[in-house]
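Each of the two complexes below includes subunit A, the first together with subunit B, the second together with subunit C.
After this line comes the complex of A and B, so read on.
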């Protein structure tokens, strides 16, 4: 099990991409190493592993829940207190749409907020090795590794041109 | 990764536009400099910030006092609250529309908008002030069943206080979506504040960055979240305008039925949003020294949008007006007498000029649009025009005596209602409170997004093309 976090710091993107290639070639499992940047580089620019996400499920489930609740609420109210307005049926969809729309949107927004917390892995309680220079343009290549392979990972980062190596447990 | 050339055009103002000096062309900025300059903008002008905060704070208190005194004097008289309804509508119009500047061009992958997204998204937080002002209005708004009969509304069989609840629900959802849009796109910059600022700003950055380190999954989900919240924001904004206009304008005037009015209100909100973004960008450039970030390209592009939305204003206005003017039913005649040539004609004529005619005439000139001050002047005119337009609509609507609520149409056109002392206090206080909210936000986080500026620098490169110059911009798939 990975118990060490090693960060290689680069000033240029090219050697950072080389480090990512080097780690893959050295047999480190995809997903155990990643690139940290202060700016969003185009996806795949470093040859990084892009994990699958389930972000769209949250608003979709939220919207379904909100929609269903609103239908039950509006239909239930009208059935419980039947009142004919303008000769229209008791269950008039057009009268229900306004409330249904609001509740659907509200639930979708709330579910999206919840989804952010899960999918972004935030708050990140154990961020591993990190350096403040990343938010001013430096590029970090971070790897979670077992102690037995730490030396090898460090060597790959240095070979690629890491200007500095940082450790965190 | 696909690339496209933005030579001589869209992405950056070409150098050939002489007369705009250093505003044209491309400036290469180092990431460390971007970070340092923009973080420094949160502490720039400390003395001026303090002075303005005190002034706006005092005026906000004056506004609160105005609301309280008006409530004590006339909480049972709906006709006294027209100007309060107008200023609430104006804040919804301005604060609600501005974030769309951060949404629509971003979804279309426009590059010029990057330095403006933070600024425009922050306006959604003005919703806090709008919701606060809605409290007395909701208290005054008559229930669905008044004097033993159900008044005309969009709520049909709904419980008695449905409009009172739904407006808060709608505005709350809008605020939540706006907050989500603002916060998610600000997260990387909170991390930059955590890493490079000092004192309480560092602590705030640490708390709000939530452990952001800029990993692949974090950037990937960030992009998606911005898209999602942007889409939600637009969908909820239109709904909120629909509910607000239906219950706080059409619902209180007998015989006013207009399917175009909610859309007119929403569209003018986008117009106001563009205008207020231009003015705020001008102020940030002028007082925070951000000339290298908020450049001609931004003002030029926003000027075009302002021109287009000013044309849309008259399209929607005329589409509604022509139905009433040609309709000639008693309800239609009453509407024209009430809202066009009636008690608020003093607001209608200058409002029409300033919302459409003047900005149209002003922004039609290329030399005006391709400048920093030209669109700003146009934006100031538009905002004044829309304030007058909201007064025309809401002061007229709320001046209708409640005993006429069940009439089929308006038999008697009310007299002109002029603002009293409390109204002046509320108007000034509301505008000050909104400005104060914005001022406080930008003492915590840079007014220009650090990461989006750096991303543009990353993806763009000045190039020589034949005998001219341009900027090559990469657009990732």
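After this line comes the complex of A and C, so read on.
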């Protein structure tokens, strides 16, 4: 169980990528170390593994829920109070399409936002080692390790050219 | 991208967070001044609710007047935000970066304002809530889904919720930035709102993919909302000039015209007030003006189609209405002002590059468009109701009262007030997007010139 979080701070992308490679070569498990930046970099810029996600399932799931709820709501309320207007059918399809469409889209949007937050692993109550300069352009390489391997991880970060090392438990 | 000045991330933070970290001196007096106007507006609304709609100029047969005009106007303004943000995101247009957030924000606040108008227009706002919300299982009576009173709130509610969530998701990285730059209660606030954002590749990827996905979902909503607003009129066969089959696309294109113009007005103000010359540059105004020329011309086409339909159908009441709108006092004056300010003056000027790159001129011309577009909505709604028709037993002409004009002024102050209040706590320009563009920027030597370029393609 990892109980230490170590952050190496870099000013350039190249040494940060070297640190990521170094940690992988030293046998640290992928997923225990990560790179932190204040702005999106091109995918793979630090040699990190490309994150996989299932975001596209969320809007589809949300849309199905919204569509079903809207059909039940609109059809159900019209059938529950069956008022005939001008001899037309009880179920007013044109009006139903509008409500069903909007509720389907609304549900898809809400599910997408939940998906973005969930797949981003947020909310993150224990963010580990961090430095405020990351949002000023510095690049952080952070690793969660057991105390027994902390020295080794720190050494890899320093060898790659980390300008500063920070710890958090 | 020709006018870009390369700034490092510290400098970008310092300039773009000046609203939050180093609030300008003009901010407090301006917000207080607007706050007073907003307060007076609320008192007037309270007075109207207390006294009833008799204090307005509304009367038989003109039941829909300034309030519904202003409702359609603000819904229209709201359309630019998501359109600009979503289309430019989907097409990965580089010039979107300083524009998107303010545009999305305009969507949220103008929708909030638009929603108030049908409420107060009903005279007794608490009763409109009774028409929309209660699911009365005891008596088995439910809201009538065939009524625009259900369609409108559902459509606008969907758009408002979606826009707010869209805005929040795109704000997450900047909330993390603000958390890192603040102390005390502000740090606590941003820490909670940032949800522990750290900026790892996974979060950035989700931010990018999620942004594109939300854009793709919001675009059809944006088209549907103003279509549904237009059907408030189009499903009313009794009023000439309302029951048109082209109302949905006509309203949507009109909304884009007025909304994009409102974004131009707002960008000019942002550049002037916060001194963001390095971020909101003449090239952005140039691009928006080119877009507006196309949109405005398409909108003008729909406007003339309305007249053509009347002439071709030879429907006497429809022709009488168009005659009233174009040739009878005072509608002819309004029609002239609407055409001049909505199209002829602004588009005529935007044809010249010197105007498109002149921010002061862009500010005034975009303001003109919205004067014209407000008048357009007024010209659609009121003349159709006020034309004298057979079998109407009571008659009165419509003159908006001081109460109605005051509430119109209040709505402008209210949106501005909300925008300024937001700007005190959250950045109006997405910082991470600005910084991202600086990572991708490079210069390519072609012959003897160095061409600034944005590099995106991977091998």
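Methods note: the second predicted complex is superposed on the first by the 150 of 169 C-alpha atoms of A that agree within 3 Å, B and C clash if a C-alpha of one lies under 4 Å from a C-alpha of the other, contacts with A are read in each partner's own complex, and residues count from 1 in each chain.
Going forward, a contact is a pair of C-beta atoms (placed from the backbone, for glycine too) under 8 Å apart; a residue touches a chain by one contact, two chains touch by 3 or more.
Keep in mind it's a predicted model, so treat the numbers as computed, not measured.
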item	value
Subunit A as common anchor, with subunit B and subunit C clashing or fitting	clash
Partner chain(s) touched by A:151 [first = subunit B, second = subunit C, both, neither]	neither
Touching partner for A:81 - first (subunit B), second (subunit C), both, neither	both
Which superposed partner A:159 touches (first subunit B, second subunit C, both, neither)	neither
Partner chain(s) touched by A:113 [first = subunit B, second = subunit C, both, neither]	both
Which superposed partner A:43 touches (first subunit B, second subunit C, both, neither)	both
Residues of subunit A at both interfaces, subunit B in one complex, subunit C in the other	34-43, 48, 50-51, 53, 55-56, 59, 77-78, 81, 85, 92, 95, 98-99, 101-102, 105-106, 108-110, 112-113, 116, 119-125, 127, 130, 132, 134-137
Subunit C to subunit A touching residues, read off their complex	8-10, 13, 135, 140-143, 145-146, 150-151, 154-155, 157-158, 161-162, 165-166, 168-169, 172-173, 176-177, 180-181, 195-210, 213-214, 217-218, 220-221, 224, 228, 432, 435-436, 439-440, 458
Touch list for subunit A against partner subunit B, complex	34-43, 45, 48-51, 53, 55-56, 59, 77-78, 81, 83, 85-86, 88, 92, 95, 98-99, 101-102, 105-106, 108-110, 112-113, 116, 119-125, 127-128, 130, 132, 134-137, 140, 142
Subunit A-touching residues of subunit B, taken from the complex the two chains share	1, 30-32, 35-36, 154-159, 162, 166, 169-170, 172-173, 176-177, 180, 184, 188, 191-192, 195-196, 210-225, 228-229, 232, 235-236, 239, 243, 450-451, 454-455, 458-459, 474, 476-477
Subunit C contact footprint on subunit A (complex, rising order)	34-43, 46, 48, 50-51, 53, 55-56, 59, 74, 77-78, 80-81, 85, 92, 95-96, 98-99, 101-103, 105-106, 108-110, 112-113, 115-117, 119-127, 130, 132, 134-137
